[in-house]
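Below, subunit A partners subunit B and then partners subunit C, in two separate complexes.
Entry: the complex of A and B
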């Protein structure tokens, strides 16, 4: 199926929501068991020009609750969102801090523009912590109502530190001005049940449910390092809670290590101008302009309103970019079974699917009416989020699962068990390749037959992870640790495990096959937090559109896009409305890949909210301060240098004979034309070795070019000159680290 | 459902009447000065014909509203519940007829309620309230 072929007609999804399994029967008994451990009063406030100018600190161990001022330095250097998160985290930890130390924090910060209701994708929270997988800061950008409701209760960020000795719920009531830590001994564990109950428990009536957002995780977060956080909102039309995920890096694991069962925020009734922007009219006009673009152009562009991000499944397959069988291959004959039109038919369409008010892109699709076949909720009818592209690819093609029902079930259980779909997808694919190569077998997996596409075994591995038993416990450690465990057990060759284990800095790759895009190889491995596409998705520019022919072009893209995309996380924006819709005349602009009109929209929204006039250069400067600070934070924690930016070879080129032979014509041609070696008559092993040497040297050259463009030393350390340019030289601790590493 | 309908050949596009329908709508329904505040708009075209922007109560805005603030009343007319409205203006952006309105003084948008005040005001009897079947909701 190529992108231009017509999709087959499928029946639209029609579901009787009343048949969905309900979970709130035990609510009163659960509520009765709550005991207030600490209650503090506060004065609710609304932001002024986007800022409340205070943050909330809660220590789960000591039950200390503090309000902290937002300083001018914080605003000037870190803006908000991820910037505030990293700033707080820096002061909370030491270089010796590990994820499960009490001083590690989870910080949730929505950013100054977050909460406006006029522009699509403006309700994001940024979550930051020291990651159990990488031992460096992780950041995650998540929808749902929690961040905006926290802001409209009166706080620009929430810092969670310390470890409770018992399961607790932190309740922030922004209507009454109450913060409570409550012992919560009887709560269900998994998100789709827990959030339903808590939404009803803390709402004073049915109408009040829209003012409640819950942050929670699930059973697998307790037994793995890959836990994520669900952020909820009440879906009035479906009459159920919906979930969006702060997925990457194991923040859910940290959450449960602190014995937080849930955070609940009850905010005020949302109205249009609660950020008290300086120029509401510009927000209104800019938002309406984008709503109109989406109405008129989305169907002919990305169809985000119909499919969400899953619209690219068959496109990735057509361009040989869809990760298949642990990133060995880029396409599969069965992709049509999980293509966008399948999800369009499975997801309810006659509704509004934004994860915050005003998101007319509405990509948070809901697949209603799934009846589960396995696990503790077998036979239940549920609504599943998505699947997003990453889930369709990671849980689907990468594991060889092409059955939409099983794929949705994998997606559902990842969500409710509180584990990252991207991470799980990549680690499951890794275990399946290990099974294929005899590194694992039934004896070593405790009976799991992890052959490609065996969705029931895949699900059982996940159920084990949730139960804290069997091979699921090992898998839940993630690819990085599995490689060490397998090699230590003598189950496989350490170099092969290193080559096929798709992780960098300890974090699993997200779902794009980067072998044929050098820029994307850097886009993944030169990231701050680990290989996640949200920092630099340049694979199409590089490989398909051929817009980055030289090292300098690639370096420029890997300078600009990570900085530009960082900015979304400082302000509380979603990236998708930037370039998953484009103005009709975008193609005729000088830089279509940057979507100049939408960049201007963002500048206008920032100025209209905060009153601070900025231009494109200032925008990049704001990002660059935080981006470089995070790089230095990584160095402080023992990573962040060139050695940590080395990718697994599977992301760079063909590791195995099968991979080489699957695209022999392509690789032989490259050898002849790019490397200057005639492949004729050479055995495959030799050709693999020649290709590898060439490609790794090319990657190293890319690093040199990128580091230079970013103002870093050849070892990847920001220079003192760059620090001075950014104004970060006013922070002595930062300077000290840079100087100690030759910056 | 009640629906405002215009017979364009009877409408003079405001050439002689001074847009009485719009003036009446703006002043009597929405208490606004000037016809730009009306929930219908009449235009005189250069070729002598008239054009109109009217809400036909199609209900697309009901489907897209993320706050469930738009609903049909007993007469089938789409009404906005200002208490529920969050001012996102998706209803404005997604209205194909461009018939959803906004006044910079108010946070909530507004629209035609098929009240018929404009019908009474029209000196040419070009406007009428008709009763038509409620259209099936459509995917937007």
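Entry: the complex of A and C
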């Protein structure tokens, strides 16, 4: 069967929830071992027009707890969310700060509209820190209840600085007005256990569990650079905690380096108008409109309510975009085994799957009844979220794993160990290709047979990462550092390792094949934090629709979409309800790809919450200030220039003979028609070299066009004129950096 | 011969939008289809005939995580 065929009839998932393993034994002993290290009282408050106008600062080293004012300048220039995170981080660090220095911070900020319950996808937080993988700011967008509950306790952001000398829990009680740092010596480490225990421990009764959210990580965050943070919510229907991830860039690693075991927020009971918006009626009306769209159109569009983002697994395969065997290929005959209809049957349907109140898209599908085959929880029955598309592609096709149960198990252990699934997927695929090419072998991996699709070896590498031993320790350094380690050991050719190691700026690529879309090559490598698709996903516009024929067209897309999508992270929105559902008449609009009606919804929600009237230009201006500030922040930290925007060649074109031959018709046609060279009779190695020279030159021209459109110099530095347009020229330190780099 | 998103495709008598989508293996659901600039509604994909020489645009909306 090919992925294109109709979905087979699969039995719906039926699970006896009473058989699920529970983890609250020993809770009282764990609680009894807690010791209060610092307790501070505060006055809980609710936002006014979306803002509390104060943030919370906690130093884990000195145990200092402070309230800081949100200034008008912060609101005017940085809005909230990621903007506030970057602003605080800028003031916390110096150019010499590295991820494990005490001054590095983790900032969690939900944004002024976050927490409204009327519009789907409005409960997001942005997490910002100096990344252990990239040495520059990372921002990660996450659902779960923590951010909104923090906000409804009285704070627009939480700043965590310093390093504790012992494991601690920070408890914020937004009902009683207590902030407590507690020594936590006996806590379990892994997220699915720890979060369940802490939810029960800090809730005053069963109903109160819905008011608790925990932020935590797992064992692998202590032994790798790729640790992520889980943000929980209590799933009343299932009777268990659910996890959403701030995945990218190793923030979980920073968290454990500070010896934070968990953050726990107990917020007030959530009600509809807690942001105290200026125009509640518009929030309600705008939300009802989208709820109706979802109810009437989702089944004929993306089926997000049934499959979540996994709905595109077979779509990506059909368009030759599904990363397979470390991004060598774009499809695989076994994709049907991990296609959306498999997950539709495997995940429980008709239950509550929104990661914040009021989300009728509810895409956080829960796969119940997974009985684990390996690792420390072997034999346990668990609920695992997902897999989302990125997990199915990264842990699945990219590593050649097409067994859905193993894929779920990889997903589960990533979550509970605190490992970013996207990063793990790309680094595991890299190790497997190294194994295929003899760069790695059993001797070098300590006995791991990393053959494509060997899920048991893949899982064992992950267990090693969590235990801090064996080859898992090396893999946990990420692709960027593995390339250096392998080359230093004399394992493989350094250029080949550079070409096939799918990272840029130190961050692993997310799970789309960009080889045949020049615009998407830029959409990945011309990002601020590293190659994550949340800035610009333009493959269809470029490669399939052919809407972006010129460099200027591509540059315009790489100007607009990164700015538009940055805005979600300033306000506290999820991107998915923007474009994974579209109004029935969207096709009749002048720019259907932008979903104009939904853009207007967002403007209306912003105005209705804050009272500030903005238009589309102002929306882009708000984003552009933060986006350019982040670029300059990167420059301040020693990156952020043209040289740092260079992609690995695997993301641009065929590295190997097999890749070339898999698309020979396409590459030969390009050689003849665009390069002006007749490929007939040429050996494949020569054709690869000719294609490479052409494609890299084209990428360089793309950089020129994008930098110009963004108002940057040819070296990628925002110009003084651009700073003045954005109003960032009032910040002397920013001006100094730009001027020092010829901006 | 017709043009679909700028690429040539062999025309056959009675060719419909659905036929073009199948021929091109276009499986994504979020599409905006037009024939010579005139938009075709999704409900008409099975019946809307494509004339020889037509310029067909199959606009795929943005997807991806």
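We adopt the following convention: the second predicted complex is superposed on the first by the 738 of 743 C-alpha atoms of A that agree within 3 Å, B and C clash if a C-alpha of one lies under 4 Å from a C-alpha of the other, contacts with A are read in each partner's own complex, and residues count from 1 in each chain.
To be clear about the criterion, a contact is a pair of C-beta atoms (placed from the backbone, for glycine too) under 8 Å apart; a residue touches a chain by one contact, two chains touch by 3 or more.
The shown structure was predicted, so the numbers you read here are calculated from the model rather than taken from an experiment.
If you put the two complexes together on subunit A, you find that subunit B and subunit C both fit without a clash. Using the contact criterion defined above for the overlaid structures, shared-chain residue A:97 touches neither subunit B nor subunit C, since it reaches no partner. In the superposed model, A:595 lies in contact with subunit C only, and not with subunit B. Residue contacts after overlaying the shared chain place A:708 against neither subunit B nor subunit C. Look at A:358: by the touch rule set out above, it reaches subunit B but stays clear of subunit C. Draw one line from the C-alpha centre of subunit A to that of subunit B and another to that of subunit C; the angle between them is 70°, to the nearest 10. Contacts of A:295 after superposition: subunit B is touched, whereas subunit C is not reached. Once chain A of one complex is fitted onto chain A of the other, the partner contacts of A:546 are limited to subunit C, with no touch recorded for subunit B. When the two structures are aligned on the shared chain, A:389 is found in touch with subunit C, with no touch to subunit B. The superposed arrangement places subunit B and subunit C with a least CA-CA distance of 20 Å.
Within subunit A, no residue touches subunit B in one complex and subunit C in the other. Put simply, subunit C touches subunit A in their complex at residues 5-6, 25-30, 32, 39, 42, 57-65.
Within the complex formed with subunit C, the residues of subunit A that make contact are 4, 300-302, 309, 312, 314-315, 318-319, 388-390, 510-512, 533-534, 537-541, 544-547, 561, 579-580, 582, 586-588, 592-593, 595. Partner subunit B is touched in their complex by these residues of subunit A: 12, 117-118, 210, 236-237, 269-273, 281, 284, 287-292, 294-295, 305-306, 349-352, 354, 357-360. Listing the residues of subunit B that touch subunit A in their complex gives 63-68, 83, 85-90, 92-94, 96, 102, 104, 107-108, 137-140.
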